[in-house]
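Shared between the two complexes below is chain A, which pairs with chain B and chain C, respectively.
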Partner chain A sequence: MAAPARAPHRPWRTAWITPRGELLSPPRLTATALRLTVQVFLVVFLWRGLYAQTDGAVAGLDREQAVAYAVLAVLALRIRELDRHSGRDTVQQHLHHGTIVYWFLRPVAPRRYHALRALGDQLYGFAWVVAGYLLCRSAGVLPPPASAEAGAAFLAGVVLGQLVLYRVMLLVDLLCFWTLRDGAALRIVQFAQNLLSGAFAPLWFFPGWFRTMSDFLPFQATLNTPLSLYIGRIPPSEAPHALLVQAVWAVGLAVLTRWLWHRAALRVVSQGG
Partner chain B sequence: MSLAVDPTAAGRLRRWARAWCVAWRITRLNFRAQLEYRAEFLMSVGMGVAWQSSVIVFATVLLQRFPGMGGWSGADVLLIVGMRMLAHALYVLLFGRVHSLSFLVQEGRLDACLLRPMPVYRQIQLSVFPTHGLGDLAVGATMFAFAVQQAAEPWTAGRAVFLAAGVAGGMLVEAAVFTAVSCAALRFPSAFYWSTWVDELMATFGSYPLSILPKAVSGVFTFVLPLAFVAYLPAGVLTGHGAALGVPFWLAAASPAVGLALFVAARLLWNRSLRHYTGVNG
Partner chain C sequence: MATLAAGPDTAAEGIVARNLTRTFHTAVRRPGFAGALRSLVDPLRVEKTAVRDVSFSVERGRLLALLGPNGAGKSTTIKMLTGILTPTSGEARVAGVVPYRERERNARNIGAVFGQRTQLWWDLPARESFAVLRDVYGVPQAEHRARLAEFDSLLELSEFWDTRVRHLSLGQRVRCDLAAALLHDPPVVFLDEPTIGMDVVVKEQVRGFLRHQVERRGRTVLLTTHDMTEVARLAERVVLINHGRIVLDGSLEEIRGRFGGTWQVHATLDPAELEGAPPPGIRVVRREGPRVVFGPDGSGGPGGSGGAAPPTVHRALRAIVERYRVTDLALEENDLEDVMRAAYLRREERPVRDAAEDGAVADGAAADGAAGDGAAPAAGRSA
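== the complex of A and B ==
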């Protein structure tokens, strides 16, 4: 007789999958450390080299602010670059191979499984960010936050930014349920995410029309807002408004993705119908 | 049916033409396969356009905010950007599949290539049609034409030939770098991580005068990761910056030949690595 179904023990352990996979691969750890170090030094050289041609601030950012923004962006990108493709555990791969159905048969709901996996990814990436931040601070590459208020707002902005980032990427994952081939869509969103969040260059350097456009999109809430709070480009007096915008995006996207999970579940059919 | 191989020059030419005829037919089939999913096809082209456009936006932003970048005028920097973008688009179209060799190895698809009567490197290039390369090419060619038109000095026949050779050389440098990196993918599937990083470095630092960086860093980008040869050095020769490129003028002028030499060296390394490749079945 089959045993009665039981609630799963400690489903949060799912969050450990990515960190454990990474920790068991020393070459990847070495590569990550080397890549992060080189990338940080290169952006420092690049922005210092660019500012060497100018006197004073450019687009409201002085040299130290621009360097700090660029270095923090490099560190933050570390959170987004985990390779889950090699482990064949992306939604796109599961849909392609038909194994997505198992997500709906397990005792842990797919929505929860996806969130726990992402939480593990983000916490692992965050550990790298903290280590990189402390090293950069001790090396004098990064200044402290513009003020105590800016530091507090920055921390709140980082948390909200990660929530928005997760929802945006989840939205793209959920799109896979309606399309057979969407590799290009995924790459476009990832690319737009980097460009419009300020990962390539501080958004403050872009023309007005570009910043206005990015104001209407969720991407700038993931990176530009917390980084601008850190360097003081968004003053603490404007922080509540910036954080509120992030919160609105986080809640709005949460509602949308929850509804899409429900709709996606209706589309999943195991082989044989 | 005779299996004898005609050893004469005419026979070799016939076999060469037949092999490329087969490659062309496979490319046409791959293209039709991409058209099967129209939305994906259009989005792939859109991805290429968006990616290349972002390079233009970024370059424009930097040029507006930081005029006189490294002692180069805006038109001169645009020539670097245009040459680099066109060379990159041609690389993507002709050689770009080495970038995804890790996946072919992981999925065991490379083993099948070893059994077919066609060079493995060519089979990899024919594994899929690079749709996004069409978008890359459209924007890259437009940017290149604009940069050429903006150039301060007139285009004599000699300068035009060097420009074309510089773009071809830049494409070969990029192909050489990624072919060399893909050698590691034959042993370590995680080499994709390095490949992505190199791609990022070339996109970030390949389109601007390296003179804005400290000498040691620009030296690394010349002699270790030779992205200076993609566009910076040939554009420097064409725009009269030959004396301040950080390398002897003759070396900058020889950029197209350096590209060819690097590609030949990378292909030899690749062939050697392939001989030592061991599939999942041992």
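== the complex of A and C ==
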């Protein structure tokens, strides 16, 4: 019992859980592919239709830039829309059903476990994005990055944007430890995330006061920054500043969520007698 | 109250709880609209002690049943021993580790199953969940295979372990959960109502599995259950907890002796014996000709007005046979479920020392304007 000889500790294997569950459900894969195709098709025709009514650029974006931004936004949303709910595997569900206790009974800190699972989810979502990107490029829907510098800045922006996105979603998960049921908070954050990140429409189309407000929130760092770098709306000369803002958000939210994890661990509610 | 009989060696390998106390603070809403508004700006904090001064120990390779009615404090005690909750006061050691201080080290020493709450991943086949846990705990592949084979021989897991967890029946899922909890070979296992909702066949299979783990593998098991058949078949020792306090720590026989005093002896006596007084601690419940029904004398023992405890049914039988000339004899004894019901419902008389300590606490609390009696919620405002 309790053998001293141990195999290598490989907690990173937990990152594979959600992708593996998805791969075991062919209907989910089909539904995802179908939904992405329909969404890309619709946004391409929507933005081309809108630009047909105007001459030249609007809000600093020409037609190709606007379409590229919208298509990339649709693909990027796939990264954070993995269906953990049907697998009873959201933090909210674990708290509700009391299964969160197992997170505290394994030799992996809950904070690390959560991060590994999110990493697996994001890499799996990224695979979809890459596949969708290549298809859209070959179909002529997406132009290449505005320049090589823009492409490099875009890649850096995507990584930093995903870090910020993970921390924002983690904040909502941690909120569950205080509220137990955070359905309303989650919906508000998701709406704010979509609106203020540029998923609904490029932030460049919104009025000045709206963009000023979003400058003080982390959401635009998740999507608007990397997409604007890709299409060249943020020129390479301004890329360092944009990436720095993303990094500041990533670090600030990391500090905040680390502190909240500590507080949350003290609040694991006793379920039952 | 139990005292720690365990020495340092036992403490290092089994479970030791010493004066564990856990108090929860919650905000409650005042009644009415005005009360609700006031609660927003000035919440009323309520303090509730779920577990108070709980002390017991379990030696290595033993199974202890922690029993009590719903809300008695069993799960809170287990959560402190597993390191999920930090006690407000007191201390615990599990396999030599303070569980709430060294969670990660403790996690390698313990396995746990919490009733119907599964630790398996819903979308994965059970065997893939086992593989994930193998990697999380760092179990060598050969060891993992051997242990799975052992668990399969006892729990017949291979019939369904390639099925996704969402498609398993409750009995199949809990068997998988038991296996998942023991895959890393923990010396100490906590089982919180593991057989709840199972059919009798699966229950018996699980009991056999637990017996094997204790007797053959030397695991220390702390089990909570409401199933008295399970207690009768598995538990050598029982700790009874109610209102957050330990009521009794002993064998099943001791519990029967203390709370099962509602036996009846139906005897047919020689007519010449009918006028004699019954033996001490025994009374005549009713009499129909030569047929007499004896029962425990209600004036003594727990819940009585004083005097000695009534005799156990075995002693009563002997006393009746020695006292009278008996021509026929029948015994009617409560089963364990009746005994436990009596134990849960009976107000435990509290030792004078405890009552005095409570008085001191209450006095101190009154001076502070905060806490009150352990079991009862005490309201007070706090930051």
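Here, the second predicted complex is superposed on the first by the 260 of 273 C-alpha atoms of A that agree within 3 Å, B and C clash if a C-alpha of one lies under 4 Å from a C-alpha of the other, contacts with A are read in each partner's own complex, and residues count from 1 in each chain.
Basically, contacts are C-beta pairs under 8 Å (C-beta built on N, C-alpha and C of every residue); 3 or more make two chains touch, one makes a residue touch a chain.
Just so it is clear, the structure is predicted and the values come from calculations on it, not from any experiment.
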item	value
Touched partner set for A:25, first chain B, second chain C, both or neither	both
First (chain B), second (chain C), both or neither touched by A:37	neither
Where chain A meets both chain C and chain B, residue numbers	25, 86
Of all residues in chain A, those that touch chain C in their complex	1-3, 5-11, 13-14, 16-18, 20-22, 24-25, 86-89, 97-99, 101-102, 104-109, 266, 268, 270-273
Chain A partner contacts - residues on chain C that touch it in the complex	22, 24, 50, 68-76, 79, 82-86, 95, 103-105, 107-110, 112, 114, 117-119, 121-125, 128, 131-141, 143, 164, 166, 185-187, 217-219
Footprint of chain A on chain B - complex, ascending	37, 39-40, 43-44, 46-47, 50-51, 54, 57-58, 61-62, 65-70, 106, 131-132, 188-190, 192-194, 197, 201, 204-205, 212-214, 217
Complex contact set, residues of chain A against chain B	25, 27-28, 31, 35, 42, 45-46, 49-54, 58-59, 83, 86, 179-185, 187-188, 191-192, 195, 200-201, 205-207, 210
